[in-house]
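Right after this note come the structures.
Below are two complexes that have chain A in common, paired first with chain B and then with chain C.
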Partner chain A sequence: MQVIGEKINGTRKRVAQAIAERDAEFIQELAQKQTQAGAAWLDVNAGTMPRQEPEDLVWLIETIQAVVDTPLCLDSANPRALEKGIAVVNKTPMINSISGEPARLQNILPIVVAHGCPVIALALDDKGIPQQAEDRMVVIRELMSRTRGQGIEDHRVYIDPLAMTISTNIHSANITLETMRLVRREFPQAHLTLGLSNISFGLPARARINRTFMALAMQAGLDSAIIDPLDREMRAVIITTTTLLGRDRHCLNYTRAYRAGHLES
Partner chain B sequence: MQVIGEKINGTRKRVAQAIAERDAEFIQELAQKQTQAGAAWLDVNAGTMPRQEPEDLVWLIETIQAVVDTPLCLDSANPRALEKGIAVVNKTPMINSISGEPARLQNILPIVVAHGCPVIALALDDKGIPQQAEDRMVVIRELMSRTRGQGIEDHRVYIDPLAMTISTNIHSANITLETMRLVRREFPQAHLTLGLSNISFGLPARARINRTFMALAMQAGLDSAIIDPLDREMRAVIITTTTLLGRDRHCLNYTRAYRAGHLES
Partner chain C sequence: MSNNQTLVDAIVDMREDDALQMVQSTLDAGTDPLAILDDCSEAMEIIGKRFEEGDCFVPELIMAGEVLNQITKMVKPKMTTTVKTKKLGKIVFGTVEGDIHDIAKDIVAFMLDINGFEVTDLGVDVPPAKFVDTVQKTGATIVGLSGFLTLAYEPMKETVNALKAAGLDNVKIMIGGGQIDEQIREYTGADAFGKDAMTAVSLAKQWVGVN
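Let's turn to the complex of A and B:
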């Protein structure tokens, strides 16, 4: 399971403030803590103000890279911000994200190709998020045909089947899980990722829903997720599910995590 | 999810003592607490001493029925004990269990047929527990052909695909989950049940493994389990997974459980 640490996100109030005030210490602490907690990538979102975004993204990247060497996941729909960001990264970043929306494909895909980036591909297009799994597959097939057409190997694509809240449609989780099973069958080399906390929007005890959904999603093929790596209980669920799914020889990782105190409830 | 409450089991030291001392209060408290916690059935195991078992089972049944009317699951391989027990139950009990072992089939199946009982059917025979899912299916098919041959409808059969510990074979959970998926496809009307705590035998933080396995097993089709209904965290996982799997219209059961304080972590 590759964890993409979600915490450095300018749409969060406290992070937006840190960006505005150039509070490097606050950002660096988020970067270090997520890295120590095992994040494989750090998502970096500089907020959504077009004029400032390129400059803010560059500041964020340089601030983060001063303290950790974890690869970054540049989270922007703004090609100018992405180009500025890519010019200063130390390691090839992941791009978050393309989708079936023509503008996104036209603006972002060339950057992905030019720099050999891994890329998150969202199962939506200009008509929105398809309701049924089979319709999300139509979008995903189109996206994969575009990335393949540009010579991007499947294993560089992180397909996000999208999770909508079960509070407005009780079948939302099933639709996401079914989409993942179909992707696993049809594109076995592609990764599956998920911004998974949407699933519980509008409900109480959200963390409980999110972590149970993580176990179910891993069984359906999820191998990456955009989450808070500091969420101890979520991390414990990932460790436990990895072991139960047979990917932990002799349960060594599980027993090691136990001894390190990561599995206390 | 039908919970079969596991606590009244004479192979547990404290219960054996209560049986020996005819400590009705202790047994009745177990019966009441499991019932209040939502058990659909109460497993009743009078221990394994052949001479005493029939008499002890009758005492247990009468003691339990004095305080609750939850249907019982008579847990015995002893036909004489089962016959004595069935003579005193108020409601048709489940029988735990038959298997592909010829002696079990010969001794227990006629009792199931004669009294119209639901029955747990274990995926093992006189050669033991098959290693692979497909081989467990061979045993299960033979069992289903026997129950069908005796006119027992599939929905009265609770197939237990068996869970061995992952501590000695890291693929144990996958084998159990795969067997469940195959049963769901081939015998859609049959129930699936599981004595699920075996999965974590020999490992630390067992409760964590057990409850994560519960979520995965429910996704694979589990609709019944032999567990401790008083395990709050396990109960919360069952509620949450039921909701995520789309079986909780408008998330009403989830929000109700939250308001009742069942989802605190």
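Let's turn to the complex of A and C:
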């Protein structure tokens, strides 16, 4: 499970404040804590207005790189911000994201190709998010044909089948899980990632839903997720589920995690 | 007009079958259909308040909406005269072009509706021209623009400009969603921004001169 740490996101109030005040210490602490908690990537989203975003993103990247060498996941739809960001990264970053929307393909895909970046591909297009799994597959197939056409290997693509809240459609989780199973069958080399917490929007005790959904999603083939790596309970669910799914020889990872104290609540 | 507390309670507690049965027997007994609608709006007000207080959740709002729809369908044929309850004002609402987030928008539209406004909900990914068109057609005096993504700021600004360019200077525009603050309000040229559904309601009431 490749965890993409979600915490450095300017749409969160405290992070927005840190960006505005150039509070490097706050950002660096987020970067270090997420890295220590096992994040494979750190999502970086400036979340600011288009004209301000390139400068803010560059500041974030340089600030983070001063303390950790975890690869970054540049989260923006603004090609100018991405280009500026890529110019200052130490390691090839993941790009978050492309989708079936023509503007995204046109503006973002060339950047992905030019820099050989792994990329998150969202199962939506200009008509929105397809309701049914089979319709999401239509978008995903189109996206895969575009990335393949540009010479991007499947294993560089992190397909996000999208999780909508079960608040407004009780089958939302089922649709996401079904989409993942179809992706696994058709594109076995591609990764599956997910902005998982959407699933519980509008409900109380969201963490409980998110964690249980993680276990179900891993069974359906999820091998990456955009989450808070500091969520100990979530981490324990990931470790336990990995073991239950037979991906932990002699339960070694599980027993090690136990001894390290990761499984205590 | 005294309220039927058992009906109000049944709706508030989401006991669908009970509520519908009560409505049916009340109608059969010849009660004024308007009294039933009155109970409904009291129930919705309670549900809305609970939602604001974090004591009731999105799926329950949707459930309450479904129950309300069914009751309205049962009551309508029994209404002898079409009594149009007086609305406070007309509002055109939608998520701006390029953004497809709908939940927050739906909640605000719902709260405006139960607080007495006539809301035309244009859905998501709504182009500026559609807002202009609908305002002209409905004669709405208020527009609500929703957007969750930072990408939404530009289309918000374009929509505000389009409304102004169409000569709809008197239409009041509120924006909301995600990270919107005073700086973004200023950027987009909207009249006000709101952090939650109740702010939207009090802004709208203020603009039509109520309270």
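As a working rule, the second predicted complex is superposed on the first by the 264 of 265 C-alpha atoms of A that agree within 3 Å, B and C clash if a C-alpha of one lies under 4 Å from a C-alpha of the other, contacts with A are read in each partner's own complex, and residues count from 1 in each chain.
Keep this in mind: a contact is a pair of C-beta atoms (placed from the backbone, for glycine too) under 8 Å apart; a residue touches a chain by one contact, two chains touch by 3 or more.
Note that the structure is predicted; figures quoted are calculated from it, not measured.
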| item | value |
| --- | --- |
| First (chain B), second (chain C), both or neither touched by A:187 | neither |
| Which of chain B and chain C A:41 touches, first, second, both or neither | neither |
| Partner chain in contact with A:16 - chain B first, chain C second, else both or neither | second |
| Which of chain B and chain C A:167 touches, first, second, both or neither | both |
| First, second, both or neither for A:50, with chain B first and chain C second | second |
| Touch count on chain A, higher of chain B and chain C | B |
| Chain B versus chain C as contact partner of A:209, first or second or both or neither | first |
| Which of chain B and chain C A:201 touches, first, second, both or neither | second |
| Contacts of A:243 with chain B and chain C, given as first, second, both or neither | first |
| Touched partner set for A:124, first chain B, second chain C, both or neither | second |
| Set intersection of chain A contacts, chain C complex versus chain B complex | 166-167, 170, 203-204 |
| Residues on chain C engaged by chain A in the complex (per definition of touch) | 54, 57-59, 62, 100, 102-103, 106, 124-125, 149-151, 153-154, 178-179, 184, 187 |
| Chain C-facing residues of chain A, complex | 10-11, 13, 16, 47-50, 53, 77, 124, 128-129, 165-168, 170, 201-204 |
| Parts of chain B lying in touch with chain A, wherever the complex brings them together | 166-167, 170-171, 173-174, 177, 199, 203-205, 207-209, 212-213, 215-216, 219-220, 233, 236-237, 240-241, 243-251, 254-255, 258, 263-265 |
